[in-house]
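Below: the structure, in structure tokens.
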Amino acid sequence: MVNLFLQQVINGLNVGSIYALIAIGYTMVYGIIKLINFAHGEIMMFGAYFAFIAATSFQMPVWAVLLLSMTIMAIIGVAIEFVAYRPLRNAPRLSALITAIGVSLFLQNLALIIFKPEPKVMPKIFPEMIIKIGSIEISSTTLITIGLSLVFMVLLDLYIRKTKQGRAMRAVSEDKDAAILMGVNVNRTISLTFALGSALGALGGVLYSVAYIQVYPTMGVMPGLKAFIAAVLGGIGIVPGAMLGGFIIGMVETLTKAYLSTTWADAIVFGILIIVLLFKPTGILGKNTREKV
Amino acid sequence: GCSSTGSSNDVIKLGFIGPTTGDAAIYGSSAEAGAMLAAEEINAAGGIDGKDVEIIAYDTKADQTEAVNAYNRLRDQDGVIAVIGGTLSGETLAMKDIMVSDNMPVLSPTATAVEVTQDAPNIFRACFLDDYQGAAAANFSADTLGAKTAALLVGAGNPYSEGVSKAFETAFVAKGGSIVGTESYGTTDKDFSAQLTKIKEMNPAVVFVPDYVQTVGPILQKAKEMGITAKFVGADGWDGVQVEYADAAQGNYFTNHYAADSPSQTVQDFITAYTTKYDKVPNSFAALGYDAVYTMVSAIKTAGSTEAESIITALAATEHAGVTGNLKFNENGDPKDKEVTIIKIDGGELKYEATVVN
Amino acid sequence: MLKVKDLNVHYGKIHAIKGVSFEVNEGEIVTLIGANGAGKTTILQTISGLLKPTEGVITFNGENVNKMPAHQIPVMGIAHVPEGRRIFADMTVYENLIMGAYIRNDKEQIDEDMEKIFLNFPRLKERIKQIAGTLSGGEQQMLAMGRALMTRPKLILLDEPSMGLAPLLVDEIFNMIQTVNDAGTTVLLVEQNANKALHIANRAYVLETGLIKLSGSARDLLVNPEVQQAYLGG
Amino acid sequence: MDKSKRRAYIINTIAIIALYIIFFVLIQTQTMNKYFIGIAILTCIMIIMAMSLNIVAGFLGQMALGHAGFMAIGAYSSASFSIALFNSGTELPNIVVLILAMAVGGTIAGIFGILIGTPTLRLRGDYLGIVTIGFSEIIRIFFVNFQPTGGAAGLKGITKLVNFNNVYWITIIVIILIFTLGRSKQGRAIISIREDEIASESAGIPTTRYKVLGFSMAAFFAGIGGALYAHYQAFLEPSKFGFMFSIEMFVIVVLGGLGSLTGSIISAIVLTILPEMLRGFAEYRLLVYSLVLIIMMIFRPQGIFGRSEFSLTTAIDALILRKNTKNTVDGGES
Amino acid sequence: MPVLSANNITMQFGGLTAVDKFNLNLEPHELVGLIGPNGAGKTTIFNMLTGVYVPTSGDIILNGQSIIKKSTHDIVSLGASRTFQNIRLFKDLTAVENVKIAYHNFIDYNMIQGMFRTKKFWIEEKKAQEECLKLLDIFDMGEYANTLAKNLPYGQQRKLEIARALASDPKVLMLDEPAAGMNPNETEELMNTIHFIRNKFDITVLLIEHDMKLVMGICERIIVVDYGKTIAEGTPDEIKNNPEVIRAYLGD
């Protein structure tokens, strides 16, 4: 029983770490331009497709697969911001949300036309091994997934909190004009944010597709939504919050399926989210600052 | 509209309805590909009395409202004389009432829900009903595999998966077997480790997983990784699993409409033509879409008219030897005495194993 | 040092600044006074690049400022304490000050400058870890000033720095401005509190609905009956 | 009622009747076939949905991304009601059954609006958005698993009661009611919350109560929309009421202009008809649709009408005025 | 009997005590100034008196009734309303609509009557319109009635906020830096207005202000706070010469 439980916890960590990676992208973009980048799930999907192509058609080594996918998606992320979001920078927030939805639909249907609806099977790009700890079995893929996610998350968090560029990001997210007055190049900072967020999204996509072996045009929708929930649960705009939220959603989801109900699993995840938000209206790590009047 | 007065003289227009975008795109686009292939072949062979068959296909996004709009448009704007579709049960049920009141000749290739054809003299279907192959799979498991225990792994919220597994359960229990457990997953789930972990503990002889390739593949893969030794049995949704998931599916069985290694010329020709045209292996949706068009065309030929009532009468009496077996209809419009073929996956190939008639 | 020539600024169809010319010489304190909505804030925002003029030229030390991207302007040595303070509300007081030094890389001198600022505004030192958004109005104004000084500007643009401050602090702020100026920073000051502004300024311009109506030495304007009538409440 | 108001009333009434007569003639002469009638009916239903969503999104200024959930409640409850009524062998005329079903659907959805709104409306912005997504997904999952209404396979056997005639008038009534709601003291209170919640409290508005009121009114009208939908489609699938449908409605409202009811109407018409016009593009349809969406938003970020309303009277005045200045020197009274 | 009194109210934010055992008694018809250095806790006191913040401890009595833990809108209907240090108007609504919102409680029809526009609706709306226009006229703002609040000049926005606060028919009116951003002439005019409305509506006014000309000019009594505590209280003359106040606040 205990073993079974631990096994499920590891499953939860596995999904959770992927959700966390994707959630970071949401949170970063949200933080800086207050936009829920609905297209983020599709960034993740395209990231997975590029990795798939690199790994199958070009037989690239794993580091090259990851690097390639992350780089291409970073560029695409920046391009999306430039074309679709930048013109709406000073428009009402919800208008930009609608373009984001448009971009998401666009990318999804573009993938459908380019890649066709049949799922492609993602090759196992990580060295294959089963690691036994006691009687618990963990596959190397799971360990690598969790490990890679953690490393990137920690690096990113340090980057944002400790470096000048990171501080500039926060400044832009709070008050663009004031940031300009400090000499911050706002456009470049926003582009950088999209690049980082999209690269992490792509990484999440690759890891997701390796874990669940498939790549298909609508694969970004569910994890995208879950990651978005994770970002909100943790306190949107806060990077550590996105990580925490990702792990919590992954864990709750897995344990609910294992011990409560599979049919109601999503409902239960949402239920927990709602309850948490009712008690902590700005997410778990969200600052509960009362508006000063 | 300009073409709202029935079909013009030189082409015979058929409608096709199914999802080609969104989550269910894979089903609609496969069935559509099969249907288009059939139309192409028919036209190459001279069409219907020299008139070309034109298939106008509309996407439904698997959305019931879209389906109704698509159907209305096919009827009023495009002036089709018959419809192949819908592809999913839900969308077909949404259109059913209007189709019935229009008395439109309809042949759904793949809608498996019982109600689709009930009280609808003009609606037919080419696929088995859920109970039909569920029972066949149960009989095969009990009789041929000699299984006494079975576990069910069901896609909750997926009527196909739920329907087929319910039929399996009834038939399996009737054969004296026992169902040791039922696990389910949601339609968008990708992680099946929790369920499989439990099934492993139940240690059944057979695990019945009626779902489509993209779900079954990962399930089989995970099961193999977890070292589950039970035989996995599935239904026609598995067709295609041999391509990408050959290793994981090795040695398992599913019920299907036809066997890829069948000596039948129709089957072999279809597989060759489809693979050539689309550069991929056909699945059961493609085969059924293909057969549906042939069957409909054959009925139109027999009717000798594009008039609805005569097509329906002809359809009811049609018998077509297609890829998916010999298709003729009972009084409901469902396939009668259709053979269920049991397929074994072996070395990345689908091997004929047995034929079951319920 | 700063030359504004024939400046025109529009908000959509609203013609807010209608051909304004003035200049600020090195080492001066120049003040712009005028009623609400006269266009003072608009002028400052145009100088610091937040708004683009529809016409006119702004040069700083001979270089054309309105041609360069806004974020380059602080690098040139122009700092702007905006109206309404615009501090980074979710950052701490310390982080706000560090943001002020964004364009600089001289770590030690940054620390030194910060200490100087704390000397002038001990309240900021007390609250160094407080989230800036929860500071009181006056505290925020001090922070905004401190943040701008962290850029080590040659010219500082101040937009109503005394707004909402306690009398004691108003005096302090004006002393500060004087100190900053004495230390070599040129000041362009926009004030509602015309009386105080004219007392510390060398020269002044009076702005009325987008046009410069009067200009001259601060001393002269202080005794100008028109100014007294309209802006000094006399 | 002053003179200009009375004039506006008369002009609008004439327009409504004229529009109806046009449709009536088109349908009677079969110039408009069933396909177009079907789209017209759906458009009416989407107008109701968009208008009702605008109460929360536009008036109240809250990001509500779960409108499909309330529609589902209205659709399922009204359909269950009418099925039960017909099973009991009622002799009531169809229109009465429809009205009763709408009342049931609207009321139950409204009650759920109160139940859901009361605890959640203290959340702000995106947090509220996600919670509304959550509730509407829970509602959908409930219907997937709830066998009495057919579960995942859907609810069958609903009598088709909606036709263009009745849906047209019902839509007109709903439009008028939501308009008048927006211009009553309650509407003003709701709008003031959007403008500044703290100031609104300080002006003596019980903001929580009005938030819940706005939310439940939106749910009520969404329930009515759902009831109409159920009795038009005569079949209900839970998957219809997913997240994407809520998003679709939200897109309509934002595109029309948050807070602009006429904007919602125009936008509902455009976005219901657009995908149908694009059918010819086959698999490129949604690609084109999404591009159109992006481009429209870039060129009209504040929505078609922003926050203002299109006014027939003003439009007519503008027309007349232009004519007058063209033809005569003295415009004069007209 | 005081209309509004605060007994030992304290407000803590985390470790910071912004207001420390503050006491206040406002008699009917008084015009009282609340002054003190920036960050002394003046706005926080307003926030507690109007229910925006709930005091960490202490009690507040309005018209003989404790309003601790009462919500802001209840406190408004009990007779205390306010303006904000940073103007908070309903920007996209017209001036008269801004006032009408605060007049809410005096408009008597329910939602159904409003949606179906019964006779009551028309009568009540007409009355509301007239009353609110009258109020705007008091501030010489009649011409701006249909101007969007955000398009009003700054000084008019300040006045509109006061008009809005008056629309709920308060017994105590609290003004947070009403003259901020105004030039001396505008301030002068505002002083007259405040005086006028105090007499016309027979209300008590409590105001925060840093403009000493205004405070000393119209207040009958002044309370000085520093670090959340009262450091002095008295007539303008007493305050002006209080060494403690000079040290902490006025400067010389």
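Letters A, B, C, D and E name the chains as they come in the text, with residue numbers starting at 1 for each one.
The rule we apply is simple: a residue touches a chain if its C-beta (ideal position, glycine included) is under 8 Å from a C-beta of that chain, and two chains touch if they have at least 3 such contacts.
Remember, predicted model here, so these are calculated numbers, not experimental data.
Note on connectivity: the fewest steps through touching chains from chain C to chain D is 2.
Contacts with chain A and chain B are shared by D.
For the pairs D-E and A-C, the larger set of C-beta contacts lies at D-E. Chain B and chain D have Cα centroids lying 38 Å from one another. In this assembly, the C-alpha centroid of chain A lies 34 Å from the C-alpha centroid of chain D. Taking each chain's centre as the average of its CA atoms, chain B and chain C sit 74 Å apart. Along chain B, residues 20-21, 156-157 each make contact with two or more other chains.
Residue positions of chain C touching 2 or more other chains, listed in rising order: 134.
Residue positions of chain A touching 2 or more other chains, listed in rising order: 109, 112, 263, 266, 293. Those residues of chain D that touch chain E in the shared complex are 1, 177, 180-181, 184-189, 191-192, 195-196, 198-208, 213, 307. Across the complex, chain D is touched by residues 50, 52, 71-74, 76-77, 81-82, 84, 88-93, 97, 100-102, 104-105, 107, 109, 111, 114-117, 121-122, 124-125, 128, 164-165, 167-168 of chain E.
The part of chain B that touches chain D in the complex is made up of residues 1, 4, 20-21, 57-59, 61-66, 68-70, 72-73, 75-77, 89-90, 93-94, 96-97, 113, 115, 156-159, 162-163. Partner chain D is touched in their complex by these residues of chain A: 30, 36, 84, 87-88, 91-92, 94-99, 101-106, 108-110, 112-113, 225, 228-229, 232, 236, 263-264, 266-267, 270-271, 273-274, 277-278, 281-283, 291, 293. Looking at the complex, you find that chain B touches chain A at residues 20-23, 25-26, 29, 156-157, 183-186, 188-191, 193-195, 197-198, 213-214, 217-218, 221, 225, 244-245, 280.
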